[in-house]
Every structure is written in C-alpha cells, then in structure tokens.
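Chain lettering (A, B, C, D, E and F) follows the sequence in which the chains are written, and residue indices restart at 1 in each chain.
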Amino acid sequence: MSAKIKAFGEVMMRLEVPNYLKLEQTRNLNVSYSGTGVNVLSALSRFGHQTSLITKLPANSVGDAAIANIRSLGISTDDIVRGGDYVGLYFLEKGFHVRSTKVTYSNRQESSFCTSTLEDFPIASILKNTNMIHFCGISLAISENIREMTIEIARQAKQLGITIIFDCNYRPKLWNNEYMIARQSYMEMVKLADICFMSKRDAQFLLGMEEDNEDSDLSKVEELLKIVADEYDIQTIACTIRKERENLIIQGFIYHDGATCLSKEYVYKTLDRIGAGDGFASGIIHGLIHHFPIDEMIEFSTAASVLAHTTYGDTPVCSAEEIWSLVHQDMVDIER
Amino acid sequence: MSAKIKAFGEVMMRLEVPNYLKLEQTRNLNVSYSGTGVNVLSALSRFGHQTSLITKLPANSVGDAAIANIRSLGISTDDIVRGGDYVGLYFLEKGFHVRSTKVTYSNRQESSFCTSTLEDFPIASILKNTNMIHFCGISLAISENIREMTIEIARQAKQLGITIIFDCNYRPKLWNNEYMIARQSYMEMVKLADICFMSKRDAQFLLGMEEDNEDSDLSKVEELLKIVADEYDIQTIACTIRKERENLIIQGFIYHDGATCLSKEYVYKTLDRIGAGDGFASGIIHGLIHHFPIDEMIEFSTAASVLAHTTYGDTPVCSAEEIWSLVHQDMVDIER
Amino acid sequence: MSAKIKAFGEVMMRLEVPNYLKLEQTRNLNVSYSGTGVNVLSALSRFGHQTSLITKLPANSVGDAAIANIRSLGISTDDIVRGGDYVGLYFLEKGFHVRSTKVTYSNRQESSFCTSTLEDFPIASILKNTNMIHFCGISLAISENIREMTIEIARQAKQLGITIIFDCNYRPKLWNNEYMIARQSYMEMVKLADICFMSKRDAQFLLGMEEDNEDSDLSKVEELLKIVADEYDIQTIACTIRKERENLIIQGFIYHDGATCLSKEYVYKTLDRIGAGDGFASGIIHGLIHHFPIDEMIEFSTAASVLAHTTYGDTPVCSAEEIWSLVHQDMVDIER
Amino acid sequence: MSAKIKAFGEVMMRLEVPNYLKLEQTRNLNVSYSGTGVNVLSALSRFGHQTSLITKLPANSVGDAAIANIRSLGISTDDIVRGGDYVGLYFLEKGFHVRSTKVTYSNRQESSFCTSTLEDFPIASILKNTNMIHFCGISLAISENIREMTIEIARQAKQLGITIIFDCNYRPKLWNNEYMIARQSYMEMVKLADICFMSKRDAQFLLGMEEDNEDSDLSKVEELLKIVADEYDIQTIACTIRKERENLIIQGFIYHDGATCLSKEYVYKTLDRIGAGDGFASGIIHGLIHHFPIDEMIEFSTAASVLAHTTYGDTPVCSAEEIWSLVHQDMVDIER
Amino acid sequence: MSAKIKAFGEVMMRLEVPNYLKLEQTRNLNVSYSGTGVNVLSALSRFGHQTSLITKLPANSVGDAAIANIRSLGISTDDIVRGGDYVGLYFLEKGFHVRSTKVTYSNRQESSFCTSTLEDFPIASILKNTNMIHFCGISLAISENIREMTIEIARQAKQLGITIIFDCNYRPKLWNNEYMIARQSYMEMVKLADICFMSKRDAQFLLGMEEDNEDSDLSKVEELLKIVADEYDIQTIACTIRKERENLIIQGFIYHDGATCLSKEYVYKTLDRIGAGDGFASGIIHGLIHHFPIDEMIEFSTAASVLAHTTYGDTPVCSAEEIWSLVHQDMVDIER
Amino acid sequence: MSAKIKAFGEVMMRLEVPNYLKLEQTRNLNVSYSGTGVNVLSALSRFGHQTSLITKLPANSVGDAAIANIRSLGISTDDIVRGGDYVGLYFLEKGFHVRSTKVTYSNRQESSFCTSTLEDFPIASILKNTNMIHFCGISLAISENIREMTIEIARQAKQLGITIIFDCNYRPKLWNNEYMIARQSYMEMVKLADICFMSKRDAQFLLGMEEDNEDSDLSKVEELLKIVADEYDIQTIACTIRKERENLIIQGFIYHDGATCLSKEYVYKTLDRIGAGDGFASGIIHGLIHHFPIDEMIEFSTAASVLAHTTYGDTPVCSAEEIWSLVHQDMVDIER
C-alpha cells in the first residue's frame, strides 16, 4: 500500500563542522540539505510511498545542489518552484558528552522560501492526486506570508479531503514576544490537522498553560494530549518522551481514535541528533497508512526514531526492514 | 623462539564507508586488504615469527596494491602466485549502537584465488622449511576446487609433520543448502588439525547437533569442545565467548592436552569489529610456540582479541608488549 | 521542447584513486556511478529533457547507492529493475602528463545487468511514451544475452517509431577474437539506428577495413562516414576527432541528411577524461530534438565535449547556457 | 620603516568547493574568511607594517571563527566591533581551463557589517595613531548606510591628515540601475583619495565614458588614468592589465607624481584567482611607504600580484623576500 | 576585570594520527601547535584577559606556522623571539578504550627554545606592565640553560611584584636519574610561586617522600598540600584528582589562604585528553583575578577541565559562559 | 637477470603540505618515508631485483611506521638496525609555477642514523651475497661518523668485489665552510666508485673548479665528466641536464667505458619533483645489470626520470613496462 504524500516547507543548507571541532578550529565543513519536510518525506519514500516536496529554491548553483540532494533521497522535485535569491543555512557544531551541540543560523528571512508568496505555487494542480500533506510549525514562525500560506494551503487541502499532518515543533525563540500570534496560528493549524505531532510543552503552549520542566511525567503527557485531542478534534496525536540526561532513554506515545499506547523504553546513543523527531513522525504516518494496530504503530515509530539517532545527517535513511529488526530485537552484530 | 608459519587463503579488498555513513551517503571509501590468513600472520609477525601467505593475486594494479599492503604488515609475499583476473572485495558499512554493521560482498567466485588450481602452486617447495600452516573454514565454502585444494595441501603438510591450524569459521549462508558437503569437508579438516578454533555453534554443526542460541552457556561450550577434541583427536581447541549484547563482555576458552582453562572476563569496546577472532587465534598460536602455561596462553590470546577490537582495520596491529600490559592491567592513560 | 529519452545500459561503480596516486599509494578511493547511458541521460536532463534509465541493479546497499546517485543527476529510476547480485566496477588511476590513465576492471560478467534477461524487463510498458532510446556498443560485447536483448529491444522500439540512437564505442579488447560476432551484431544495430556515434576506427571495423592509425585525417573520416551512412541508411552520424597528443585539439564532425559539417577547433585541457564522448553525443541529440541548424548542432556538441573534459567524473554536468557561452566565446574569468 | 595602516570593510566567509567540483558534486566545503581589507592588510603585515581591520562581526561562533582567522594573518582585531546577526558569505566553484569560476553570493545585505551604523564605531579613537586607511568601492554599493559611513570616515581621516587609499573595484552588477548614485559616490571617494587603484573600466565609468572591451590597450589606459589624476588631484594611481586569455600575461601600471611606469610582462598561472588585485595594491602601498623608486614600486607590486595567483585563498601570503626573488628572477626550483 | 598575563615556555608541534589509527596505518597527520603556556593563555584570553607568550621560534616556515596558530588563539606574539633552528615536535597516537594513548617525542633538545639563552630575551621590557607570569615544571627538565633562565626570570618577576604561577608537572622520565637537581630546582620555583598547581605525586616528590599509587586518597592530598603550602609559604595550591579508571570521575581541590575546598565530582568523557590540566589551571587563575569565593573558584576550574576533555586539541577553547553552564547544570542537548 | 643490491643511507620522514598550501595554511600533512637509498632501491625492486636497505631506525612507533612503509615498496628491511632516538624529518611546501618549492629540515643531526656507529652494523654479514651497494654524497655531509662509516663500508665492499655506486648529490649548504673536508671525502668515494652520478656542478667541485651557472652547456658537461672519469678511473658516469626554466626539457647523459651518449630531449611536467634524479639512477643501474646497449641505457633511465616527475612522492613507482612505453612513445591516453 503506497500513499501519495507531499510536504510544504523550507529546505536549509546544513554546514556541519566535522570531528566535534568548533567552527574556529576547522577549515572544512560538511554540507547537506534538509528540513522537516525533506526528512519526513525521505523516510516515507524508503517505506515505499510516493513523495514530493513543495518549496521554492533559487535558480543558481546552490538551488541546483539542494535539488540534486533531495532527488537522491527519492523525493520528487516536480513541485519545487525556482526563483528568489538564497537558501537558508545553518552551522552545526556537534557537542561531545557534556558539551552542547550548537546551531548557529545565518539569515533565512530573505531565503527563496521565506519570501515566496501563494502566487508562486500552482496550488490547485499541486494538490491533485495527493493523499496526505505535511506542515511544520516552524513555517508559522519564519515570516508572516509563510504563516498565511501555510494555513491557506492546509485549508484548501482539507476541503479536498486530503489528510492534514501537522508537526507542532514550537520554538519560542523564533517567535520573540509574539505569543498571541503564535498561539492563534497554532490553534488554526491544529484544528485543521488529522495527525498531530505534539510534545507536552507544545500542548501546554496551545492550551495556554504554563510550562513545567518535568518532561518525563508520563501521566501528565497522556492527560494533556487527550484534552487537546478532544478540544481540537484530532484523530491522532503522538510524541516521544526523553528521560534523564545521563541514561539516555526514549519512549514513544500515541493517542489514536480515543485509545492511547506507550512503546517500550529504548536506550539510545546519538551519532546525529537532529532529525530524530522526523524519524518518529514518518513511522506514525507509515503505520496509519498501513492501518497497523496501535501498539505496532508506536513500536515501529519509536524504533524509527531510535535508529534515526544512529545515522548521519538530519534525514532518516533506515529501511522499514531495519526498523522492524530493532522492534523484534533481532539485530545482529555484523550482517553478512 | 621464532617459528615459520604460513597460511593458505584469500586476500579480500575491504572497501569501508567512513564515519558510520551508509554507502549511499558517501563519495569516499577507505581501502585495505585482509583475510583470515593475512590477519593471523600479521599478528604473528609482530610477535617475532616468520610468516608467509600462500595465495593467488592478479598481475594488475589491484594485485600490486594488495601485495604492497601485505608486505607492509611484515608478511612475506614470496609464496604469492600472480595470475587470474580479480581480487574479491566487500563493502563495509559500520553500524552504530543498535544499528548493525553491514557487509556486502561483490562477486568473489571469479577471483584469482577462487579460480586457482593446485597446479598454480609449487606446493612441495612452499611447504619446505615450514613449521605451521593455517587454514580457514571459509576456503571450504567458496568453491569446489578451493575446498579440494585446502584438504589436499593440509594432507601433504600433515605428512611432512607440519602443525595444522584450522579455524572453523563456519558460515551457513555461504553453503546454501549443501549441508552434507559442508559437514563432510569440515570433518576431514578437523581430523587433520592439531590446533582448532571452534565456537559452540561450529561444534554443534560438526557433531550434527541442532544449534541453540545460548552462546554464553559456558558449561555447554566446555562439554561440547571436549567431545570434539576426543572424537577428532585434536590437541588444542580454543574459542572466545561473547556475553550479553548491552554490557559487552568477552571471555576466552581453551582446551589443551586434556586440560581446560577460562580467561578473565574482559569488557570490550569496539573501534573495528572484524578480525577480533583472528587476534585471538594469533595469541593461542604464539602461546603454543612458546609453551606458555595454559592460563597465560588463554589470558594472552583473550587480551589480544580485546585489543584487536580497539584498532582500526581487520588486521591486528598490537605488539606482544601491549597485550601483556593489558593482561597485567598496567595500561596507562597516556604513555609518554 | 522537451523529449522523452531512455537508455538501456549498465551502471558501473567507478572507484577512483585521488590526487594522481597509484592504487598502491592510496588508502582512499572516490566512488561514483556511471555508464554511457547514465552520462548521456544526465546531460540531456540538464538540457530540459525527461530521461529514464533501463537497467538492472541488485537489491542491496550497492544498488541503493547507485540509484540514489542516478536520481541525483535528474534521471528517472522508475525503469530500473532490482535483482541479481553485483554492480560491475572499475578502478581508475588518473595519469599525469606522459603517464597514462589506467582503468582496471573488476569482474562485470556476473553483474546484475550482465546476467539479466528479457523477462526481467516489462519492455512494452517501458517503451510507451518514449521518443528516443539510446544503446551503447559495449552492451554488445559484455555477454551473449545482453547482446541479444539489446538488438531485440532496439527492434521493438523501431517498430514503435521510436528514434534509435546507437553509440558504437567499439572496444576490440572486450571481444577477444570474436571478430565475426562483433561485426555481425554491430551491423544489425547500425541498420536499426537513426542516429549513430561512430569514429573512423568504428567505421573501418564496420566496413571490414583494416585500421590505420592516422586518426586525424579529416578527409578520410568524412569519406568513410558518408559511405557508412549510405550503406546503412542512417540519418545522422557524428564523432569527435582528436589531433596531436602534445597540443590537445579536438574538432567535431557531423553528417546529417546528406550534409556534413566540421566544428571550430578547440584546445582542450583535461580534468577528467572519461565521459567526454558522452558529452558530445548529448549535444547532438539535443540539437536534433531542437532542429538546430547543422553548424550550430556541431558547435554546441563539440563545446559540450570540451566542457565535459573540464568537469569531474564520467558524467557531464554542464548546463546548456555554459555550453553556449563557450560556443560564443564569452566565457569570463570569474562569473560573479 | 613600519606604518600603521587600517582598513574599513566587510569580512566575508568563503565557502569553496574543493577539487574543481561543482557545488552539487560535493559534500565538503573549504571555509576561509576574507575581503579586500583583510587581503590588503594581510600582505602589509607580512611586509612588517602594523595593521588593523575596522569592521563589525556577530557575537557568535561564526564571528569568533572569522576573528581567529583574521588574527592568524597578523592583523589586529582590536577595532572590530561585535554585534548584529550574520557574516556575509559566498560559494566559490573554481573553474578549469575554459570553464569559468563561479561565485554565488548568499545574502549579505543583512550582515553585521552591512547593517552597522556610524554609532557602532568609536571613529575618533580608531583613527588615532593611524598613518593610512584603506577603503574599497564595494562598500559604496552594498547599502546606503555603508556608503555614507565610508565617505564620512574617509572625510574625518582626511582632516586628520591620514593617507586615504581607495580601491575602485567598480562592479556594475552590484549597483543595478543606480548609475548616478554610484558615480556620485565614487567621485566623492576619488576626490578624497591619495592613492587610487583604478582600471581603465573604472576610469571610464568615473569620467562618464562608455566602456570598450579592449582592456589591453596600454596607451588608452595611460591616457585615461592621467586625466583622472589631473581632474581629481590624486597622487598615485595604479592598476594591472591582463592580456589575451590564452597566453596569460599580466603587466602593472602606475602613475605617481606626474610620472608613469610599466612593469615587465609576467606570464602567470593561477592556483587561486581571487585576491590577486589585492596583492598588487599591497605592493604599491608598501613601495610608497618605503619611497621605492617608481620602477621598483611597479615591479614589486606586479610580482606580488603574480605570486598572489600562485597561493591558495583570497588572501596574499607571500613575504617581501619571495616577491623580490621573483622580481630579480632568482627563483629556484626547490629551496632547501 | 582584565589582567595582563604572560607565560614563559616552549611551543611544540603536535602531529596527531587521525581516527584512532596507529602511525604506521596513516598517510595523514593533523598538525597543531601547543604547550602548557599556550594552553593556559588561550583559555585566559577567552576569559577576557590580555595574554602574551614568551618563547623563541625559528625564522622559517615552521616558526611562521606556529606563530599564526598562536595568534589565532588570541595570544599576543609580540614577546616571541625569532631564531634558532627547530620547533620541538611530538607524535600523538590516540588510544581507544583499553588501548593507551601514545606520545612519541622527536628531539626537542636542539629546538629554538631549548637552545635559547637569557640574552635572547629583553626581560626587563617584557616584564613591564605584567600582572602575572606562568611557568611550567617541564622547563626545568629540558635543559640546563632553560632551567636557569626559568628561575632567573621568576626571580626578576618576583622582585617587580608580579604574581608567580608555577605548574609543577613533574615528569620523572624527563629527569633520568638527576633526582637531586630536579628537587633542588623545584624547591626554588615553589618558593617563588604565589599560585601552584601540584598533584599529590608532585608534593611527595617535593617533600622528599616516596610515592604511593593511591591517587584518589582525598585526605592524603589535602594533608600533603597543606604541608607544602605552609613550608613554602604559597597562597594558592590546586589540583585535580582522577578516580577509578572505569567510571571516569574527576574532582577539583584547592587550598587558598588557609582554607580548602573540593568541587563536585564530575563524570568525564574524553575527546582529547591532553591539556585538560591546563584548562583547570586557567580556571583557578581566572577565579583569583576576579576574587571568586573559593567554592565558585574550584567549581569553575573543575568544570573548565571537564570541558577541556570534550574539545579537540591540547588547547582549551571553551568560553566562560559554557563553563558556567556546566557548573549550573543547565547544559542543553542542542543550543539553537 | 636479477641482482642483489643494497644501499646505505638515511630514511627521512617527509611531512608534505597538501594542495600547494603553505605550512601556516594547513592543519593536515601527508606523511611518507624516503631517502636516496629508499628511492633507488624501490625502483630497482620494481625492475625485479632483490634490494635491501642498510640503515638505523628507532625502536618506537616512528621507526615501525618507516619500516612498514619501506617494506611495502618491496625493499627488504632485514639489514635495518633498531635503536637511537629519532627519525630525521623535513617539511615540504610544494611550489606552484613561479613560486618555489620549499624544503624545511627539522634537526637530523641526532637521528638514529646520524648518531649510529660502525659497531651498530654487522658489516661482514651484511655484505655477504651482495652484488652492488649504493651510497649518497649527503651521507658524507651529515656527520663525521657517518662520513667515516660511508667510506669504510665502501672500502670493505670494494675489497669483496662488490660494485660501488656513488651518487654525488653535492649540497654546498650542508657543508657550511668545510670545503676541504668535503672535497677530500668526495675524492675518496669517487675513487672507490664503479658507477657515479655526477652533475657538471659536482664535477667542477670535485676538480676544484669554480662553478658557472650555465647548466645546460652540453659540451662542457661531456668534457668535464670525461676528465673526471679519466682522473678517477670510473667505468660509468651519468647525469641529467635540465634546460630553460619555462620550457621544461630534460636530457640524459652517460659516459660508459669510454663512450658517451645523450638521450632524446623530453618535455617534462612535474607532479612531484623530489626523487626524479633517483629514478634516473635506478634506470642506469638496471641497464648496467642487463648490459643494455649504451643508447638504450640512457633512453631508459631518462624516461624513468621523466616518469618519476609524474608520480607522487619522492620514491619512483613506475614499472619497467611503463618506462619502455615512454621510450617507444606508445603511451596511450587511457589504458583499459
């Protein structure tokens, strides 16, 4: 069973400092191209689905390189519009043990995507023949026109009966003090959404509650996400829960059609932290398409997230077979 | 005390994907040349023995590169015959934490070694002035002619009073369904062998028993290997036992002249997994040449194996001094 | 004007020794994936055409990597069949000045492509909606079944009115002594072809003439290719002519609908020699689709070839704009 | 004799694609930090002068890295102000033979420097104890506030008796259609300047003449630059003249105190093209400080430019000794 | 509050084998330049102090490279004298798990620094305008003239009221059997010192006691260092204590003005072991300058040492902010 | 026909700055191990001879790495003595076009080889079973004991009837002002030599004549070398002559048994300049062993030298087949 899934979102260039160096210590950077949409679609195309990214990239060498990279991941680039001037980019300095990983953005406000308008995209034709469409909360924050476009495209898609996927990804820093605008636009998107990725923190924000920092309080997560599901009438809500910094443990949670389910706890180790949440999301989406039982769905997606920690780059690159092997604990030392 | 040791076996090119990437994520590969014979002889030459590899390599750039590499390890290449067309090769994608290491072979059936015949090698002259000769069970599986050559060379060596070393290395996958041929040829080699490296799984196969998966059941290992030693009249049998996946613990076992001995348990961490068994084998052989007491023999060889996990490449590169330091627990943080 | 163009042919892994080293001097290799079909389609997709490769690749990491690479070039991989065991591969040691570039093949006879059969490919469905199809003479040499498949697919395509492109690429070494079989199969393909890439040497072979070595004898080239065009009823024949080793000069030649045309002479310098002929071929095909006047066609394709010498890898990566700039001599030192 | 020289200008991050690859072919970039000011000061500090850069850089990892890099070149960073958000950056794809080098800018309009204002800099204190100050024409183009600041700082410096150096570097592309504003501001700067770097094209622009493309017409260059010197009352004007693309020949020209002088012609080869003009400028400035005779001045600076083509990076790194060796033609093959 | 701190000591070239390889396995080395003085000053300059290194380096490419590197760290090179022939250098083979890190020195006895004499340095002018000066015990061992110079410069500095910092760094190997000379010169330096870095082993040596190996016996450390402080009249003595090899735990200890204080225990993981002690020392010095309370001083400096384990190179590169984050345990996974 | 050839000389570590960078611009160095003896023997072992290096290397990681490298070249390391402290090393900054290549030595006076004595080597046993022995003039300069050892070993070898090969390699810089000692020892070695490599400059020095700088004056070379051959009774003298810096042309000259011969002129381009003379020497030695006619001998050795310019590293790595191809001008573009 293969679905047609699209994602609307920005492609960023990632400039990674190698070997746990600081930027000032290196004369070399590793370059790749990613984004929530790219990451989720890459995983889904490995699971056998047809995927296509809706974005805007400049008609220059940087845009060409981004497109070649996205295409290599198995994602169609037919819905990518060319124009504007820049690709947003960020520098990644990987941490080591107690030293934090550091992300430094270069300006993205003027990127081709962030300056794009609804007129750039032939929305009607893009939404034809599409089963699902994915949006990311970061799109709500980066500029007013992208915020409006996101909501407008989601509306049009909803009317066409396309399943709306929304990953909250609420990042307070990006919103400065525009709390009310943020909450307002999040509420709109969540109302439109059929499938929602939302952490306890996201839920508190959405419900106008103050954050606490006990991320691992399971019953609280369950309680909150149920309230959100009820209030906003969402079919599926899911998230991962990370516990204790020293012993790295992750657990997946899903609310689906009134039922809830927790995955096993997984110890995880991190080769590359960024994009692990997108691995989880892709698992849930795949499970929903295939009507997995709720427990298989959460096990599969949590294992997908654990494996996404063990692969290089923002973008998940594991196959469904590899993920099932982890679920069934039949990983071997060397596969030969 | 320095012995003259030869090994008959294939040299493979190892094409390793760097930095825990997947093959599709890289444009660079690390290249080296290895094989059970190469690995064991490399270690033995570091322990002060004279070693020489018996194999066939093509008379082209790839063969030249393999030879330069083998020579750099301190192994004589005088017994290497040139001819045929190819060097067998495999791709290595290193795993990370729960993600498995993946080995993908390119075709080796047509390699110079696999298509070689007894006529290619001046066996009589090769076996002159040789104290020990090493064979690997993989040679029995790769082609009919290599299987026959292996047994024939072992027979001739036996008649000349040369000590026969046989590392079972039974890999069911390589045999497809030819179980009977496999067992038959293994039985012949084990009968000829003076020193045998054999896991519980190997022993069960040899004795026609079904495998179970409790690899760490020590008493079972001891019992089985004793039966094999009796039945096949082998002087020395040894193996390593790996316990529990999470807490990586390894322990060495030896049966020698009727006595058995277990090493201390070692926690190990892995920089490069492949070839760790060959490090163990080289330790046992070195110990037998020097008539180490049985407990020193098993400690030395287990420590050799632990250290082989901590060095890059298939081929062990630690000195006897480094190994003894680990046995005596007088490793330091920084040696300067 | 955008055409739908497919190519039938093998994908090879290229393992390149970096920095003009010999294989024995390196511990690193650069890996890429190419082939005549890949190269020509890559260039054509940059010129705005829809391209798709017809081949077979194994369902393992190596096949996955090849597919990701081909996809990144803008070529559809929908017609690629998965199965078989191996990807053919070759080692490339780049020469420097008087030192020759050296290509060493590893065995390709057992590759997924070389062992594929007509049954592997849904030919009828593949040829639907196709304007042109490209074949390479090397396919005739590598195995009997591929030879037969090549001719059979060309026949079926011809019947469907698809334009047949055939690049002779005659390599005597690949044929051993099977001269008659070679000539026979070349004659069949040339008869089917609408567009043919053929050097003087190829023409002499085809016409059963002995080779001479004066490659640069222009009038001879013209004369011979006209005879071939007449005899085999081919619409378009083209080739590049390289002159004198020291002063590297290249010139393009085309015979088209009875007329002939020579390009300007270009001095060329070589960053990467392999694939320069495929750059030329892609230029001719693009010119024919767009009905360029014959002189523009040959200038464009010769410039494409000159530029293909200046880019890394077997696969041409220059845009039509860059090629036209060279034709019009308005290249600048730095474009900013 | 050592002077105190400052430069006001932007620091850019250069992201260079290695090995003559295109951006889409690489997963690695070489990173360095440069700019006209950085380049000229780096050379001057190697010639024994005290140099300091006046610019603004963000207070983040990228700014830290730029500062460490500038400091390593021997330039004081005491006059660098920290703040703002970004460092401007560009991608460099090096050409090969007829393939052009391509520079693709990412947005610099919002860089820390481009958004800086006069209030950011303690101008009075910066200009204390300064003999010379360098400005670049690019600063006039990048934003209105930088244009105004440049002129204002030059005015204040002039009043303090500091020697004003102005490198025209007129880039029509950066000005879009604001021809009148451009000319107006150039006129102001040239009037303030004591030392001016100006090509024939720059002079034509400044004098309101139409450009022709015969860059190598020596008498025209001489004639024009004399007119400019007269009209704008400039003590020293200098430039390099590049001749014919195939045989790469460069020649230096200087007008100084009414006299003119041409250097020898130098054949040059290019390892890294960018920054060669800054090498020339640094030679002239050094010559003026040391009161070199006019012919030594132009030979030294032309040789400095030729050598700047042979070193990696935008920034000249040759010593005065190396430059004199080239002037005196006593370079050796190997210096040991 | 910013102090003026200088250090007298050698700069070494570090030639590091990458990727945990042995030297014989690599064809590439990473090069950097360090030394106790360089390391401590680098950290202090990041904390906002003015630093300058007093050393001698050859007037050749190697000296130039060392200077560029030191300057990039924010250290003034104005007090570096040029002359002599060589830079001392060492090879670093990083260990992995139980395999030890190995340092192999190339000859340093003839380095520019080791053969320098008091006449090389304008001591009076160097010591002007200096608040603190740092010496390392290694300088006492490397040659007689450096030993005498070290003591002489310390004496002159003491007379000028400059705070004397002395890091014992006693390395028995460097002294061969010259125990009495060693102890004598250590005693002189310790008498001059205001701030002393001294392990239990250093203290035992200084007090003429035999070493024991129980490094972690806290009460013993405290007792011994108090005796030393009393006997030699030192204001501040500090050291780190490492516990148990398996569970890597580090704890800082300080004696200051009669009071003692222990830091929290920190688990540490090691990216690069060398220079971690210099990170600790820089923390204490910074704390003393700022009159931190004794507990903050020891927490800050121990955290600085823990972080120095997590960064590449001998030289600490973390900011005070990063260190305080670790002290306050508010490190995050990803900082963006 | 295969000869047994040994060489007495130093092994140096070469630390090469990659990509035409200056040392201060790099954080990476390429490491290899070479020396006149290593270079000549490497070439000879490729030509099928048995070779062995006589030297001393330290018993540490650096010595191990040097030995592994020498062994990989096909040279026996059985005559290498272990001991002493250091391996001599030099930094190589490759020039580009008019920028000179720069070699910077680190101290070699204290290397294991330079501090070795006659007692270190079992000379009698080493010289057994040896046909030829090679010495380099640099050994005369580096230390008094090496100078004496060189002459003594040559004397003993001469008495045993071993062919003495001496490469003058006179480097005035190494001798400071000890002109008389230099000339004296050179005269002794030349008297002992059967085969001598000697440039015009070497000959002038030896004959006590003043140098002129017209290196390319062919008749002068011929005249001088004949005088030397007569005066010192040498069977074979050979050298290469380089002409004009711009058009790089090389020509070989040989005097043998009274006859002289010049090779063709070869244009050469340089990938790696160092060791080209050793390529030439190996060709002459090979030709003498095989009794090539004088013209073939000089063509082969000159072509060997030309090819040695085109390969990476000090050490020649081309086969006799490749060299003959160049002699016969049947090099191809791509060999496949």
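By our rule, a residue touches a chain if its C-beta (ideal position, glycine included) is under 8 Å from a C-beta of that chain, and two chains touch if they have at least 3 such contacts.
Everything numeric in this text was worked out from a predicted model, so none of it was measured.
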item: Per Cα centroids, the chain farthest from chain B; value: D
item: Inter-copy rotation, chain B to chain E, in degrees (Cα atoms; steps of 5); value: 120
item: Pair in A-C, E-F or D-F that repeats C-F, with over half of contact pairs matching by residue number; value: D-F
item: Same-site or different-site touching of chain E by its copy chain F, using the half cut; value: same
item: Centroid spacing, where centroids are CA-atom means, of chain B and chain D in whole angstrom; value: 63
item: Chain A and chain E: spacing of chain centres that average the CA atoms, whole Å; value: 46
item: For chain F, residues contacting two or more additional chains; value: 22, 24, 26-27, 68-69, 72, 102
item: In the complex with chain C, residue positions of chain B that touch it; value: 15, 22-24, 26-32, 60-62, 64-65, 68-69, 85-87, 89, 91, 93, 102, 104, 106-107, 109-110
item: For the chain D and chain C complex, residues of the former touching the latter; value: 19-22, 24-25, 90, 95-103, 105, 171, 173, 245-246, 273-274
item: In the complex with chain A, residue positions of chain E that touch it; value: 72, 266-269, 271, 306-307, 309-313, 317-318, 322, 325-326, 331-336
item: Touching residues on chain E, where the partner in the complex is chain D; value: 68-69, 71-74
